[in-house]
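Chain nomenclature is as follows: A, B, C and D, assigned in order of appearance, with residue numbering initiated at 1 for each chain independently.
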Amino acid sequence: MAANTFGEIFRVTTFGESHGEAIGAVIDGCPAGLRIDADFIRKEMARRSPGQSAITTQRKEGDAVEILSGVFENVTTGSPIALLIKNKDQRSADYTALSKIYRPSHADYTYEKKYGLRDYRGGGRASARETAARVAAGAIAKLFLNEYHIRITAYVSAVGEIKLDKPYQQLSFSMIDSHPTRCPNPETDKRIQELILQLKAEGDSVGGVVSCVIEGCPAGLGEPVFDKLNAALGNAMLGINAVKGFELGSGFAAATMRGSQHNDSFVREGEKFRTLTNNSGGIQGGISNGEDIYFNVAFKPVATIAKPQETLNTAGEKTTMEAKGRHDPCVVPRAVPIVEAMAALVIADFVLRNRGARV
Amino acid sequence: MAANTFGEIFRVTTFGESHGEAIGAVIDGCPAGLRIDADFIRKEMARRSPGQSAITTQRKEGDAVEILSGVFENVTTGSPIALLIKNKDQRSADYTALSKIYRPSHADYTYEKKYGLRDYRGGGRASARETAARVAAGAIAKLFLNEYHIRITAYVSAVGEIKLDKPYQQLSFSMIDSHPTRCPNPETDKRIQELILQLKAEGDSVGGVVSCVIEGCPAGLGEPVFDKLNAALGNAMLGINAVKGFELGSGFAAATMRGSQHNDSFVREGEKFRTLTNNSGGIQGGISNGEDIYFNVAFKPVATIAKPQETLNTAGEKTTMEAKGRHDPCVVPRAVPIVEAMAALVIADFVLRNRGARV
Amino acid sequence: MAANTFGEIFRVTTFGESHGEAIGAVIDGCPAGLRIDADFIRKEMARRSPGQSAITTQRKEGDAVEILSGVFENVTTGSPIALLIKNKDQRSADYTALSKIYRPSHADYTYEKKYGLRDYRGGGRASARETAARVAAGAIAKLFLNEYHIRITAYVSAVGEIKLDKPYQQLSFSMIDSHPTRCPNPETDKRIQELILQLKAEGDSVGGVVSCVIEGCPAGLGEPVFDKLNAALGNAMLGINAVKGFELGSGFAAATMRGSQHNDSFVREGEKFRTLTNNSGGIQGGISNGEDIYFNVAFKPVATIAKPQETLNTAGEKTTMEAKGRHDPCVVPRAVPIVEAMAALVIADFVLRNRGARV
Amino acid sequence: MAANTFGEIFRVTTFGESHGEAIGAVIDGCPAGLRIDADFIRKEMARRSPGQSAITTQRKEGDAVEILSGVFENVTTGSPIALLIKNKDQRSADYTALSKIYRPSHADYTYEKKYGLRDYRGGGRASARETAARVAAGAIAKLFLNEYHIRITAYVSAVGEIKLDKPYQQLSFSMIDSHPTRCPNPETDKRIQELILQLKAEGDSVGGVVSCVIEGCPAGLGEPVFDKLNAALGNAMLGINAVKGFELGSGFAAATMRGSQHNDSFVREGEKFRTLTNNSGGIQGGISNGEDIYFNVAFKPVATIAKPQETLNTAGEKTTMEAKGRHDPCVVPRAVPIVEAMAALVIADFVLRNRGARV
């Protein structure tokens, strides 16, 4: 029972609501002896934080991460690492009107059906603000994975109809963070920017796709049956707000392919066993094979839009709503570090789980 | 750490290899007082078993399920339910040649990298035969869900390029099992049959898509953060052999949509709160909203094909292999009951988890 | 893997070291709709805090509990409840000398062998200060158990050779907190006070026994095999610092008894099934039977004593140490609320687990 | 939620009732590459099986263990190891009369209150027969611990008033299995035999104590807070049928001691850090320190006795019962291998858990 806990050995528990005192995370199971780079955590937080550019929300979130425990003289001690992020920019007045309405495609209605009540301030626990805690924890997972030379890189590969039709091998990852859209292709970046600004003007929003590549992952990670590495990654991604789909390697296209076309033949590269193609996406039978792991994550358009929408209030009466808050018209540029963080949590956990594989 | 265990309260542990003594499952956490219908279990097993028609493998699997414990006078007692399925048709001779080869897109190589050795007889634990244990456990989960009037229906919606372009509401679910392909549209069924028989003749295989609908699921199931109901379903599906993708509701298409188009407005239907559209796929903020839950699962083509393929042996030398066994050219018709079983395990678990939601 | 997490459904994760920024707990799985009484939490914290009387340490701990999340308008929301207790009275200077020594019967040596390093400030994570977080979480569990009219009462029943030789039924529980020793017998209380003051003067410490009674627990809690209610209680108690033994009901005396003498016959009391005796301690076959649950917990003498002791420094050289800090000569009076808190966490969890027992 | 599952990484799930088809266990998480010695498993089972001597029940149990999966060519593969023990000697007729009675100090009443029904055949799941599955699983854990040179030895140290008043260091462990009582002292063994035979003649039963020593355990096993190694051992022991108490090292005697007397000073032995005394019982701050781990486990007298007893039937009417079955007058000789098995499961699990302690 781990509704707010993620992972088996490297376990992260997050807490907090968008307009409460603070959000945060407790990491239990981070090995002792890991050097913590506070600057790196700060940079990761900045990648997720709002207000980065004209295409994201101007809302400011105070994303300073305080490490309350588990680190002594900058090194992890094996004790739980508590990470605290205080909520600073709480304009609760923006939200009180929402206590009596069920916003379309939000979690207002479902929370109330589940719990009998809800914290209606800015979405409460359902707010994407919770993901800040994941990015903080993911930063520590990344520091751990550095020790194994495992690199995780996500980027925006589609927004609305605009698609980046290039395999990841042809992209320059260094461009990702220099583009406001986090799409590492100058021309596509520009077109996406235009689309987002247009939708902002229209008071609408749009969905998109984040792609992710894990390089340097050793062969042998993942469990053969229920905790296949692809299942764990899918679970992680589908646990991110607004995600509607996940595909690994060949993904949905595999459904249209022939076995003779899809199978990845083994070939030698010096002493190493490689595969000629990588439709498997780096995972075979649920276990990594040493090739790059890559996958796509589909995000729906943000539910909060300025355009007027018909819906019901909590009494069941028809009403029209227009969101007034400061919201992203497109979530995917800021979702990039969240996808990376969740992938890092999965891989860190499976690296540790794998230590029990052999006598 | 639950590599072979699935679920939190309704927990299923499976065991067994394709060519060992037996496979099976232990269900821990099935509530006491549930009447077990052995005939229903038998029928579910028959839906998964090979040799059902000309388009599936002719290999016969002995799929009789023995209930060893946890049921007394046909009623569950609250004790673990052990389900045993003996392996009968073990032609080990078919497989010994494979001990020295890494079959393309199989788990041979990855098992060996993970464990230092592998049970090479017919894929061992990596064989899809393991899913028979899941179908047996899933049948018991379905009996439990009957008490809640929750119905789970999966069907084949695509094979190769052939797609069933109809929403599930326009389909006649009663046709599913009467068609060899489990595609509930006579014309599409016929075309898929032809394609599969052609590929069988060519010694090739093909992928496909299974769609699934959950009707009657009450609002309130699912956890808001890491164990979102969609994440749990995605995890379950991606844990099925050969699955490469999962999408809920609008799925990957959501990435191309506008918020104004994607949002599901609330409307009244008598006393009930409904949504006008259901792009959410019955889940909002990770929690069911009472609408139908529906999703797609993409399967890659079966890796075992009769066509000759180049690969490496375990010594790293190039070799050509041709599979001799009896294999399905397309796995999706038999995957239908597996998808349903996994969905049933998820929903049964979340029904029980939800009992703790309120004081 | 839950080294710092306790419970299955009502799950508590604690964090923090004695001389870090803060300690705290995150409760995941507390049902929604529970009214939180901040005053009650404060009172529970005060019962554990040092400096209560002449027989406890004069060290002051800042035990104000901040609720950071999971409670809205004084009611639980179903979201994780984060509890924060800042460390105020951190005299780190007291402890730096200890970085190079292994104190006898402390965790210095074992932490270093496990993790390769240790946070030596005041015992770090091994300090009993961590139990403050448990008392805070336990207070919330008690509020939940109030809804079920389950009452948990612990008291001191022995210190050194001084024993309270009365069954709990003959004691006046209202005396517990009015006595500095928490022994609810005026004469024994007085003798224990004298013993503790004498040991304080000698620079020594002494062990003791805490007894605990759970009244109003319904029949049916506990699992039959591995999670027997007695095993869960034993696990909880043995997880408290300095505990060396646990016994339920007849306990170790049962080893000397005959079956004819030990068996608890069933008798009627109106419509209720009761037992004539209660050697079982309210639990039979691992499951509560509706009678009072009672058990004893043995605490060793506090390891930190002012008397000089021989030991080794981290370089393996002989050295003599004399503790300078402010420490309790006897831990059991302050352990009473900790025993209650851990018992409350166990019972709250099993109340929720039991909701899955029947269809 | 793991009512029938034990362990975190080395996880054992048991199933089966005393008079069902079979009992058994599934081990998930046993590392690959461990050689399985079937003969050793057989010997361990024989140590627990009834009918070993005049002082145990003459009932014969078919305790042949079939390994259904997870072992290939006598070596573990990393897949779940399913162990099956068929029930052979099922005289169900002995038990049907018991369907309408609540036996004193048995689990009949509590099962019915929990589940609403019970499998009354011979105690069903509550029967100590379930422990045969634990011994089988424990045998595999012992084989794993052999690789680490960790040895676990239990023996009978008291039955009724007869106590073996010698520390374990003065005993000859090789005598344990050669004595019918498993008390490794010829004179005490004889006296206990006489007591048991006398009680058998009287139709009564008696309790006892099993002591256990773990030698060769490396320093560093155990978790500092909730999963202290002592708590895990206590949990394991209190999960054995009929156990009423657990104490580690100095145990309950610690409550009477002074700190200056109880503290274990560190001393050098060549390069090794040792402790002069071992009141800690080999565990400090929840973590092993490399010294011998030793503990006592108190068993109540067997509840089933031939002497007539007053109790209630399920309708709440007074009735007198006399057990007719073949039962042990004293369970502790046969409990010795069960104590060892549970200890082995704990240590194996913590050895694996410890692999995650450091970067």
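Note that contacts are C-beta pairs under 8 Å (C-beta built on N, C-alpha and C of every residue); 3 or more make two chains touch, one makes a residue touch a chain.
Everything quoted here is computed from the prediction, not taken from an experiment.
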item	value
Set of chains whose contacts include both subunit C and subunit B	A, D
A-C or C-D, whichever has more C-beta pairs in contact	C-D
Separation of subunit A from subunit D, taking each centre as the mean of its C-alpha atoms, in whole Å	46
Distance from subunit D to subunit C - Cα centre to Cα centre, in angstrom	26
Approximate Å spacing (C-alpha centroids) for the pair subunit A, subunit C	39
Of all residues in subunit A, the ones touching two or more other chains	1-5, 8-9, 14, 29, 32-33, 78-79, 111, 114-116, 125, 224, 356-358
Interfacial residue positions of subunit D with respect to subunit B in the complex	1-5, 8-9, 11, 13-17, 20-24, 26, 28-29, 32-33, 66-70, 72, 75, 77-82, 84, 111, 114-119, 121, 124-125
Residue numbers on subunit B that touch subunit A, as the complex places them	1-6, 8-9, 14, 102, 104-107, 109-111, 113-116, 125-126, 130, 158-161, 199, 204-209, 219-228, 230-232, 234-239, 241, 243-252, 254-268, 271, 273, 275, 279-281, 283-290, 296, 298-305, 307, 309-312, 316, 318, 353-354, 356-358
Complex interface listing, subunit A residues touching subunit D	1, 9, 29, 31-34, 76, 78-79, 144, 147, 224, 352, 355-359
